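Provided herewith is a single structure, encoded as structure tokens, for subsequent inquiry.
A, B and C are the chain letters, set down in written order, and residue numbers restart from 1 in every chain.
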Amino acid sequence: MTDSTEPSGARIRFHNVSKRYGDVAALADFDLEIGAGEFLTLLGPSGSGKTTALNILAGFTEASGGDVRIDGQSILSLPPEKRNVGMVFQSFALFPHMSVFENVAFPLKLRKTPKPVMRDKVAEALDMVRLGDYAGRRPSELSGGQQQRVALARAVVFQPAVLLMDESLSALDLKLREAMRLEIRHLHSRLGSTIVFVTHDQGEALTLSDRIAVMRDGRIAQIDTPDRVYDQPTTRFVAEFIGQTNLFDVTPADGGGVHVADLGVAIPAEGMNGAKAISLRPEKIRALANGSDAPDAGMVVFDGMVDEPLFLGETVQYSVNLPSGRTMQFRENRGEGRAPLRRNDRVRLAFRPHDAVPIVRD
Amino acid sequence: MKHFKGKALVLAAALAAAPLTLTAGHASADDVTITVAGSGGGLAKVMKMLFEDPFTKETGIGVKALATTDRASALKAMMAAGKPTWDVSELSATEYAIASANGWLEPINWSKLDPKNTLPAVARADDAVVVASYSTILAVRTDKLPAGKRMTSWADFWDVKTFPGPRALQNQPYDNLEFALIADGVAPADVYTVLSTKDGVDRAFRKLDEIKPHIVSWWTAGAQPVQMLSDGEAFYTSAWNGRITKLATEGTPAAIVWNGGGLKLSYSAIIKGTKHGDAAHAYLSYLTTSPQRAAAFAKMVPYPGFVKGLYDELPAEMGRHLPSHPDNAAKQFATDAKFWAANLSELKERWEAWLLE
Amino acid sequence: MPAADRHSILAAPGLLLLVTFFVVPVGIVFDQGLFDPAFTTAHFERFLARGAYMAVFLNTLRVSVVVAMACLLIGYPVAYFIVRQPPRRRPVLMFLVLVPLWMSILVRTYAWMVVLGREGIVNGLLMTLGITDQPVKLLFTTGAVYVGMVQILLPIMIVTCYSAMTEIDQNLLRAARILGARSGQAFARVFLPLSLEGAVTGTLIVFILSMGFFITPALIGGRRDMMMANLISSQVSQTNWGFAAALAIILLLATVAVLVAARLLTRRLVYAAAKTDTP
């Protein structure tokens, strides 16, 4: 399936796509370009429009406006079966009255694939998901993870240029979910098809994707690579939705920087133009040894009192009360050569100015 | 505390004694309750008001009325179980014939039931008393008659040339075989003589063959012919007299042809094995031997009994519409319940086969 | 107490009900039909000897098959239509389907008399439109029996089909579509086989109920539209219990035979419909 004659993934372009249900806009001015062979994740809470976008791409939902193109060709007037798109559903949607073999053979049979070719392709697809020995079983006789893999095999057996995955891992338990992430990654590099993955799980999005489009209220709040979405959120929503963070309102300070009222500190000017707030990841904050100064002269230093230590295994997360009354979080590795902090310990904290990410929009 | 205890004891004793007292009351010889199997519905209300309640008031004998259907089957089951739970039962003519033939009824002591001889012979059987009568008559939608014509007999009913239009009959061999013979010229009084021969039955079925294509519906419930007449579904049909009188008073132009009607008797009888024979006799006497009570009943339900003096107690106009009125009774034949009890099974089989032909 | 004993105690009330209200009555019917008082086949011989009884039996079978098939052909698409409606509209439509069930069969049958009668709605319309100048005979015909029975039994068919269809994950149809099936193919290969059991169950329920139908054929049928139940009732009221029981046994056995045959056939059908790799 990986030889040179394989079609590689297709380019997908959403152009100003909108979908309204009465007065409610499920999708508004949705613009998105997905490269050939790219693994793109639509990430967002429920109701953010990610599933609507996917259903419009699949042909299950009609767009109210705009256009969707695959490899330059508009597909909105095509029925789902003409779009050459594979899909893995959250519920797997395996046909319960068919065997595993019949499920995987289903798309080939509809394409009138000759019998011997069909048998080979089904066998190959099942081998790829390591279910070669299960061809004769019924879906109900398989575990959740096995059903998931059959659904994958069925979605890719006809070599679609685009593979859609709708919350495809959320029906599995945690361990299986993590194992499947690797398997999907592997599959993606092997198949080369464009994958559009919908999830509300930021962990899945971060590990799997080439790019993540974070969605909110029918629009893309931010689209970027996983590390940039994590490190450089541009909106409060993205900063809070992905990972954990501390958000502080800021006001412009004399001399060009910003003033953080909650911390009682100022941050120098660099990159802070127009910032309404800053995002400060818990792992970017360090606790200083008792009474000592910052190890680095440029660091911003402030004081607080430990409220609640939270043991996370490798790391400990502390909840800290600030003099302003607010609470914030910081995290450090265990065994930093210092006795662990306890409740009501006074603590001096510091961060590098460039670790404070300016938030320019809500 | 002691005081309270004493009161509680008295109370407990009273409570414990209460059911005993009641049971004792029931067990006393004078305080009998008889169980009467009736038809339920509106008729049961009339029976309770006119007969059961006043009877209990007068005699102290209680009457427990049951709403029942298919009493022949019920009696068969009771007799098979050896434990009749009814003391008295209303019986249709057919039910009476079956029950009588099987010996499920107590003989009537007529000197006890009717000491003043108010009931004519027609109302007296060895093991039952006639309490009511009704007729299966020819009912006519008078507005559907051809101009200037009147339908007056079963021969007219069979005459589809003079009287075109849809007809209906009951889905039963009884009445219809008699009607067919009468239409064929047999005198009402001779109907059962003719029917008791194979030739007579054949003759009746041959006559029915003539009318069969013109019968749109073979009705099974008494409400159907009424409905069909009022909807114009049938212009001429056999029907039960009381329902047609009611239909006419409600404004449908419907009339009864008494000529050739089949007068049927409804019986009440005492069930074999009852422990309350005297009370049952007293109840049946109360039920059947007073012209005043019979008239009150006939005013509410057009199915009168036979007690002497009944028509003196009724307005003439009302009496005219009742099946046992001397004028009407004279034109009808009395359905022979014993003939039908003996032959129904066989004739019904033939009837069903004939219908399907 | 061992677990097995506890379980059998829990099953006891159900078993008691079953024995009291099913096994015992059916046993009594068999006893009545076969012993009088010694073992006899006389009642069954009587049934076979008379062509008329066989005709009633065959008529009962024919009416039941026609009504069951008609209910299937009308009820299945109706249920399918309702299942495809937006979720908010479905309970409303199902409610409308179920409303007639709250009316007695007698009332509904009388309503058909009003509709189909000589001076009824249909004839009135036909005559007003000048299609006919004489009333057409619609009432008291076999056709009227079919129409009346189908109308009475249709809700049961629709409910049975509907509940089977709502069990089907709608994503299965979407999956079939995106895997390459046209909407007709998705229906034929996925929806139909998965709803077949429900459709067969509904058809069998309607068939069984039809076999015992009584009021409607008597009220709006013609003289030939006699059913076994009419025959049984007439024999019971004549106190011919032995023969009535024999008729009931014949009806019961015929119904069970059809039931078993249909079940066997369905299993094959579902299996065949699921097979996508057979030549």
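Going forward, a contact is a pair of C-beta atoms (placed from the backbone, for glycine too) under 8 Å apart; a residue touches a chain by one contact, two chains touch by 3 or more.
Note that this is a predicted model, so its numbers are computed, not measured.
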{"item": "Chain with minimal offset from the mean of all protein Cα atoms", "value": "C"}
{"item": "Maximum centroid distance from subunit B, chain identifier (CA atoms)", "value": "A"}
{"item": "Rounded Å distance, subunit A centre to subunit B centre (Cα mean)", "value": "86"}
{"item": "Interchain centroid distance [CA atoms averaged], subunit A/subunit C, Å", "value": "54"}
{"item": "Chain centre separation in whole Å, for subunit C relative to subunit B (CA means)", "value": "37"}
{"item": "Residues of subunit B touching at least two other chains", "value": "none"}
{"item": "Interface residues, subunit C side, partner subunit B - complex", "value": "50-53, 55-56, 110, 113-114, 117-120, 137, 139-140, 218-219, 222-224, 226, 230-231, 234, 236-241"}
{"item": "Of subunit C, residues touching subunit A in the complex", "value": "169, 171-172, 174-183, 185, 189-190, 193-194, 270, 273-277"}
{"item": "Of all residues in subunit B, those that touch subunit C in their complex", "value": "70, 72-73, 76, 98, 166, 171, 212, 215-218, 220-221, 224, 227, 231-233, 344-345, 348-349, 352-353, 355-356"}
{"item": "Of subunit A, residues touching subunit C in the complex", "value": "58-60, 79-81, 83, 85-87, 89-91, 93, 95-98, 101-102, 105-107, 109-111, 115, 118, 154-155, 158, 164"}
